[in-house]
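By written order: A, B and C. Residues from 1 in each chain.
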């Protein structure tokens, strides 16, 4: 895992500092002159050899660093320093920390939404296997799977907010400041983010449950005359849910992609729109910072999921 | 014992699946249209790049006729501001979308199968290193990385001599989607190879002194194509959707060329004025993606008759 | 030079440039050009301007009653942040209008009026009058009002104004802002690279030179500028990037950014500033502001809030619905093209429900195509390009009637006195040229040129609208025999590319006058030292005529000079004029003081109020 994180920093450094050829060219916004580019190249230390740059990058994460050391007003970037965005005149970490709560709430809400609807509809489908509720669920799942999320988001936005005016225009506030407005703002973004995953979890749950129904121990339980409810809940579901937990952990980590779309449509100030804006401005230090953070998060999440899996499914032993 | 080959068995099962057959026909139609449509269109005089000033008004470039300017001349209406024919745009856009998604899927499969086999068959250190490498790639948020590298790498491709503009962008999309997409398949393939390696027929071949390469190509690969096919069928529509998302976010293919994504992204702007403009490309896209997904499901079922469905 | 701030104009095409200041009516003499006028007699008395602004406001149906005070006004913008808040660096029309109307005072300001020609006149703000010129216009003096203070209560002195202006010279730190101080103050330039010998207050190199060029009287009340040439309208230049900055608060590069909030000298001060989606800038009343020292700012509302990072479509919808707080909101970018037909009947009339809160009027920009004259030296070829161009289809693509009128030169009618029709499209080339181009005539011109139609590359910022326009340029020029390659450029990098070695033969651009004198149009665009010479024009005879026009102190003669030079420019087809742009704006129901303010084609921020 440490090795992986190390490789990650190398990869991010290569992708965003070496690959672009001349990152300094991208450091200034609309009206660039060669002078500004040269000045920024020096300030950001991009005129040093790659290895030294990488050292500075890593050093910044652990010990902090200074940009434009020799100018009268150096930019001090305390550890953990992920870099400095010259387009935004701000430290990358600060930008990420500011945006994080929005994405956190977005992801958490969507996660709860898709886990509850996905799993319950999936179980419903499994229990009514072959009959109309099953078919309905499967059809819904297929549609949710096939419609691009941004399409759903825009259509929802148009009807629910603009045309029918059921909800006000989204304007993000912290849930601790104004819970009502928070919920009104987040409802549609949650739905948009959750649709794809809900579709996926409906199928996954249904198939898992149906599969465990065929397993010996469930048949045994049934043969023992245990009530159907006990069979379903205690035996079939418990074993069937283990892979779902795995998938859920990984999906939660990989949510950023969906968040980009959802936040963009509803103008939420989270990591997704931050990264999209960074892309439009070619703000490489910010992009590198976001990539590094989310990738680290995914790696850690992977580890946690492995551990959880062992707890839930006793058949799996760690290290096997 | 002379039996039917595995492909024959699967084809037999698939043929009985009415939904799958309908999907197959639809997809064949899509590909035929994508390949030959533009030629025919050029013949009939439909041109997605031709501006038609007479079809739009001077007031904000709004189509003159209602419903987005639907007429005999423009059966699906015209684009706001330019008067370009939407039907023609769909024809050409379909081609670009399919080129991107098909090529990207193909490359993903090539990378995935190659590295999956190498990892699974050689095992040991190579397997460990490849495994770490895959972990690393999988740790990158896919959409973010595709977006983040678009500006930088498109410039690089241009510097390498790829024509500027959409040629570079399309190539970039294909490359980056496959480079960051293959580990998913590689993991599946590796698992399959690991189990195949232990199977009798491979051991038999080994004991008969067959070479490594021979075993790989004649014994293992033929047994892999079923999961690969399923994976590819399900990956392709996700790449189509992906291209659409990227165009929507403004980092995909740019005008004057069109794709599903760019059409959807643009039509969204006019949604409250001409809703039909959004629904036409939307419907065409959804039918395509649904067909692929249904076919993928059917294939999976046909390959694994034990699976519940 | 700042590029255009709002995304919409970048996408709308001929993206770009500049600041602003426009004026209408031909009856105005925008500046006291003649030395006689400059000895006093300000072009507009402060009292007159105040009453003019209320009486001409369309919403002032209640006659001369003073608008109510109190309330909050909201600005909804798609931008992630202000390009610059720093008074020496802000150079986007709307931003300057906003800051000058709220947090910054300046020696002179433009008058609040819905009438373009009245608005183009100066109203003294920090200064007691519109300035006193001596020495034939080479020396200008302004006396500061008593009682003007910064937000900490310390008085605004000559030294603060002087320090503010000096920051412009620190071009390594304070970039992208107006540079008139560098161009016109009497400070020697480095013969090597033409840069000023004064390097700004941070390095301090050449400080004595600056101290000689800008002097303060012993009582710290009167500031005197010594110029390197006679300028009849230096007082207009003081509206651009010359607000005071207290030296102690200056943080250099970061000044005005979050964490380093700018210090207010006006009726409001920055309470908070967060950038990005969901970010806000909140302005509250400056308790130390002294209304009696400031007849210019009306300061009707209690609070301003700028909401960043909103989808332009959403901004339009919120303002169309105008409910809740959106009643008090206005757009910062212009109305999106697809919503224009909802808000407007035609290019000048709003639909009934939007009367009084939707505006459509000329912006300050003239759009054109630059042509690199060193790569295409043959004038007939350049004329053939202009003649072949399908301007009608381009205009439709950009928004048709809402986008603007066909341009006939670089000088827009909003510049006032200096505008006269060039007859470019009617007779200048010997025959009328239709809006959709004249292929036959273009082919004739190519024949007359004696060379074959060349292969050209068209540079353009890669936005959807620009890309479609590029396709139109390509198809209409190829129809007459040119071969056109398209070179899309990342929008943010467009100007740095086309100003550099990466430029090809031609591309789109836009320019607005900085004040109502073509001296801020013709010299920057068509002379090598002007700084915005995309066409790489360097014609000795033309340069001499420009220099003569700049030095001309008789304003009537000067405008005749500019008109002639404008005709010469289009006849030589150094640039192909395309459109004189319009802009459309929308505000909520309860926003008062809604009119298009000519100088910046913006909202008249300092004159707005909340309706009761």
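In this text, a residue touches a chain if its C-beta (ideal position, glycine included) is under 8 Å from a C-beta of that chain, and two chains touch if they have at least 3 such contacts.
Owing to the predicted nature of the structure, the values given are computational and were not obtained by experimental measurement.
K.L.:
When every step has to jump to a touching chain, what is the lowest number of steps that links chain A to chain C?
P.N.:
1
K.L.:
If you average the Cα atoms per chain, which one ends up farthest from chain C?
P.N.:
So the farthest one, by centre of C-alpha atoms, is B.
K.L.:
Name the chain pair with more contacting C-beta pairs, choosing from A-B and B-C.
P.N.:
Spelling it out, more C-beta pairs touch across A-B than across the other pair.
K.L.:
For chain A and chain C, let me know how many angstrom lie between their CA-based centres, rounded off.
P.N.:
Going by mean C-alpha positions, chain A sits 42 Å from chain C.
K.L.:
I'd like the Å distance between the centres of chain A and chain B, where a centre is the mean of that chain's Cα atoms.
P.N.:
23
K.L.:
Report the inter-centroid distance (CA atoms only) between chain B and chain C in whole Å.
P.N.:
47
K.L.:
Where in chain C do residues touch two or more other chains at once?
P.N.:
Within chain C, the residues that touch at least two other chains are 317, 490.
K.L.:
Chain B: which residues touch two or more other chains?
P.N.:
As it turns out, chain B has residues touching two or more other chains at 151, 272.
K.L.:
Pull out every residue in chain A that's touching 2 or more other chains.
P.N.:
162, 280, 282
K.L.:
Quick one: in the complex, what on chain A touches chain C?
P.N.:
It comes out as residues 29-36, 39, 72-73, 88-90, 95, 98-99, 102, 161-162, 165, 168-169, 171-172, 263, 265, 267-270, 273-274, 277, 280-282.
K.L.:
Taking the touch rule as given, give the residues of chain A at its contact with chain B in the complex, in rising order.
P.N.:
So the residues of chain A in touch with chain B come to 3-4, 7-8, 11, 15-16, 19-21, 26, 129, 142-143, 145-151, 154-155, 158, 162-163, 207, 210-211, 214, 254, 256-258, 260-261, 264, 275-276, 278-280, 282, 284, 287, 290-291, 294-296, 298-299, 302.
K.L.:
If we count contacts the way the header does, which residues on chain B are in touch with chain C in the complex?
P.N.:
These residues of chain B touch chain C: 49, 51, 53, 56-62, 80-83, 151, 164-165, 254-256, 262, 266, 269-270, 272-273.
K.L.:
List the residues on chain C that touch chain A in their complex, please.
P.N.:
Going by the criterion above, the answer is residues 1-3, 80-81, 83, 171-172, 175-176, 202, 251-254, 257-258, 274-279, 309-311, 314, 317-318, 321, 324, 326, 490, 492-493, 495-496, 500.
K.L.:
Please give the residue numbers of chain B that touch chain A in the complex, ascending.
P.N.:
Against chain A, the touching part of chain B is residues 132, 135-136, 138-145, 147-153, 155-156, 159, 237, 241, 244-245, 248-251, 264-265, 268, 271-272, 278, 282, 285-286, 289-290, 293-294, 307-308.
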